[in-house]
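One chain, chain A, appears in both complexes that follow, with chain B as partner in the first and chain C in the second.
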Partner chain A sequence: MSAFFAHSGLDSVEGWFFYLGAAVAVVGALMTVLSRSPLRGALWLIVSLCSVAVLYLLLGASFVAAMQVLVYAGAIMVLFIFVIMLLNLGPDAGVRPAYLSVAKVLGLGAAAYFTFQIVTSVSGGKAQAVDGTVKAVGTLLLGNYLFAFEAISVLLLVAVVGAVVLGMKRLT
Partner chain B sequence: MQDLVSFLNSQLQTVFGLSETLFPYVAAAMVLAIAFGFTVFAAVYAGVFIFFERRIAGRIMSRIGPNRVGPQGLLQFIADAVKLIFKEDIIPTSADRPLFKLAPYLMFIGVVAGFAVLPFSHRVIAADLNVGLLYVLAITSITVVGVLMSGWASNSKWALFGGMRSAAQLVSYEIPSGLALLPAVLLSGSLSTQEIIMAQAGSPEHALTAGGWPWNWYIFHSPMMFVCFVIFFIAQLAEGARLPFDLPEGESELVSGYNTEYSGFRFGAYFTAEFANTWIAGALCVIVFFGGWQIPGAAVPSAEAIAASGATWTWFGYSIEYAGWGAFWLEALSFLFFIVKMAGVVFIIIQLRWTVPRVRIDQMMTICWKYLLPLTFACLFLILGWMIVLPWESTAALVVRIVMALAGAVLLALYAWRVRYNIHSAGDKVYPHWII
Partner chain C sequence: MIDSVIGPTHFITVAALLFGIGAAGAIWRRNALMVLMSIELMLNAANIVFVAYGRQYGDNGSHAIAFFVMAIAAAEAAVGLAILIGIFRTRQTIEVDELDALRDET
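Right, the complex of A and B next:
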């Protein structure tokens, strides 16, 4: 029994927090999909994103965890909710029943595939804590992944310019 | 606080003979106790703050304000809290019940959790995270979700409008407020609140250059830094929905905004969270721009010296043992310095509420996106140049900082004189005059 505890990580506070965070993340993600009201779905997604931030924190990636909450929960999801409230979307708003069944089949297939992949690829053993300080992340972003970093910046700039152009057309 | 936990752990081991395997659980219980302490602290602070706010409002409007409950009305907030708790708790029948109930707590959590990284002195801090500033910005953004949730769940158009306005405002002003903090992060080379405070110090060799003097504060680093402070202050007013940015609860248009449908304790939770938020705004200003808890002339012992034990504070030629009772009083003094500076910032926040009119919603957006944001970027680049031309340690930079600090003192004196003039010219009826 004690060997089981040691292997599962339940002998430490971090282990308990991991299982708590992981369970809440999974429940939040499931409820995001299963909620009939779009607004509740978006709120459950915030729960899921915050729980993933807890998992990052347990891995020592404090910068990524803070960014996860700041950017996703604090800004992007707020904009999502903002749009849902602005359009006043009710349950099943704008979804055709035919599309819904296709989406269900595709979604379940993708979920089954990824679950199989994840379960078969987990080898056991503890995850390695990383150096998650701002300095380490900065060195990686502006060193090893400089090209990808800059390419994504250009991509975002294109999206911003595109949004401005679309908005301008509406005005004139 | 980490020190405190390990200290208590060793005490538990020696005094009560607790086994080592229980330590994590004892530590977890203590973290819960600290969190509870912060919640109580936030609530009491909000109560005292409301008292000061009402008295200052009274003074500005040439009346007295609450002065019946307790000495000078100081216990008025307890009477108010009792009244709120005993009010009937009404949930509208068409409301989304679970979300309606959850929203005030999200708001409260968002504010109270921010207290964890705000230091009161060198050792009194709940958690010195290496991403402290980001953490505060991130956790306070949770309040937006609470506000939006209450706006939606109330199923009332006033609440919905209030929630939408609030979301638009908070998401917009997060950007200038984050960017205005960036120069301080660049100067100190850290996001940790403690390291930002300790970086606001000159050479520890001499009492007049050691930490805590106004010329070591980041606000006087350069004219652009002063502009950054003003931008940050405005953005914090907007994020806390304080006047002139209280559009989310504009009484003349929206009844009371997102909390229109709330009553009783739930309304009290909103109220408390909103006022406790001014502590975070004030404390962030003090930490990043006003040297935090540093005592003028006191040189903080280095981290290596503390680890090696036998470290000392140096203060005007005196050596004060880091582990002794002298250091305790020194830290109490630094707590006092912190509170006084913070009270100054909070005082200005209160005064603004009763002296400036509310901005329109389009003006609010214009101020943020067309003025504050470009200005912050310009300041950021100019400060980067300034850092290269005048490094922090150079004598020229020190002279500039001293001149800036003198200019700041003149500005403060002018401000105090103007406030006094305005109050007296309006025919002040408050007696005795020393009462706020």
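Right, the complex of A and C next:
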């Protein structure tokens, strides 16, 4: 029994937090996709995103975890819920009827096979310490990735202008 | 944390599950809003893989990449939702099966 705990990582606090975060993230994602009402789906998605933030903390990425909660679970999901309430959508028709075809079965099989290969081929070896603090990642963003950082800011500006133009009432 | 047996394989398995759920939602849901939310799930799965491999190889550049993915997801959500509002204004529906104006008539 103790060998099982040691093997699965359940003998450490990190192990427990990982399995808790992973389970809540997957269940939240399932409920998002399966819920009839878009609003319930959005709320479940917030649950899933917050548990992914727990996984980021376990990976030592504190900056990414904070951004996950602030940007994803905060800003983006508020936008989604705002639009859901604006459109006043009720429960929808759910999923479209699924029918099986050779292409679907082949595609799913190939995807499952390649996923299995990727997951099992991760080289062992010790995980290395990474510095995920705001200071380290900020230095990186304004150093190595300066051009990408500025390009992202231009992209966000374009997205804001595009969203405003798309949302304007047509003056016809 | 470094000596934990919870390795990249665990995190990538979670990411694969999240990506699969998101892909299934994007394909099978009829509501365009739910399709957008499923796409957010898939972007999240990609982010988990980035950060997990970043720890495996001791490179925190993956944190910067994850940050960029989040910014792009925000831009995509803003523009996508604006398009949805525009579609709803003219067609009174956002069921993806009914939006077939570009479909070949034959």
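Quick notes
Convention: the second predicted complex is superposed on the first by the 122 of 172 C-alpha atoms of A that agree within 3 Å, B and C clash if a C-alpha of one lies under 4 Å from a C-alpha of the other, contacts with A are read in each partner's own complex, and residues count from 1 in each chain.
By our rule, a contact is a pair of C-beta atoms (placed from the backbone, for glycine too) under 8 Å apart; a residue touches a chain by one contact, two chains touch by 3 or more.
These figures come from a predicted structure and were not determined experimentally.
By the touch criterion defined above, A:Leu86 lies against chain B and chain C together after alignment on the C-alpha atoms of chain A. With both structures placed on the common chain, the touch criterion links A:Met67 to chain B and to chain C.
If you count the residues of chain A touched by chain B and by chain C, you find the higher number for C. By the touch criterion stated above, A:Ala136 is placed in contact with chain C alone, chain B being left untouched.
By the touch criterion defined above, A:Val78 lies against chain B but remains apart from chain C after alignment on the C-alpha atoms of chain A.
Using the contact criterion defined above for the overlaid structures, shared-chain residue A:Val54 touches neither chain B nor chain C, since it reaches no partner. In the superposition on chain A, contact is made by A:Asn144 with chain C only, not with chain B.
Look at A:Gly162: by the touch rule set out above, it reaches chain C but stays clear of chain B.
In the superposition on chain A, contact of A:Leu43 is made with chain B only, not with chain C.
Annotation: chain A residues 12, 63, 67, 75, 79, 86 touch chain B in one complex and chain C in the other. Note for the complex: chain A touches chain B at residues 12-13, 39-40, 43, 46, 62-63, 65-67, 69-70, 73-75, 77-79, 81-82, 85-86, 133-134. Those residues of chain A that touch chain C in the shared complex are 6-9, 12, 14-15, 18, 22, 25-26, 29-30, 32-33, 38, 41-42, 45, 48-49, 52, 55-56, 58-61, 63-64, 67-68, 71-72, 75-76, 79-80, 83-84, 86-87, 89, 92-96, 98, 111, 115, 118-120, 122-132, 136-137, 140-141, 144-145, 148, 152, 155-156, 158-160, 162-164, 166-167. Only residues 24-25, 27-28, 99, 129-131, 134-135, 137-139, 141-142, 144-145, 148-149, 151-152, 160, 163-164, 167-168, 170-171, 174, 191 of chain B touch chain A when the two sit together in their complex. For chain C in complex with chain A, the touching residues are 1-14, 16-18, 20-22, 24-25, 28-31, 33-34, 36-38, 40-41, 44, 47-48, 51-52, 54-64, 66-68, 70-79, 81-86, 88, 94-95, 97.
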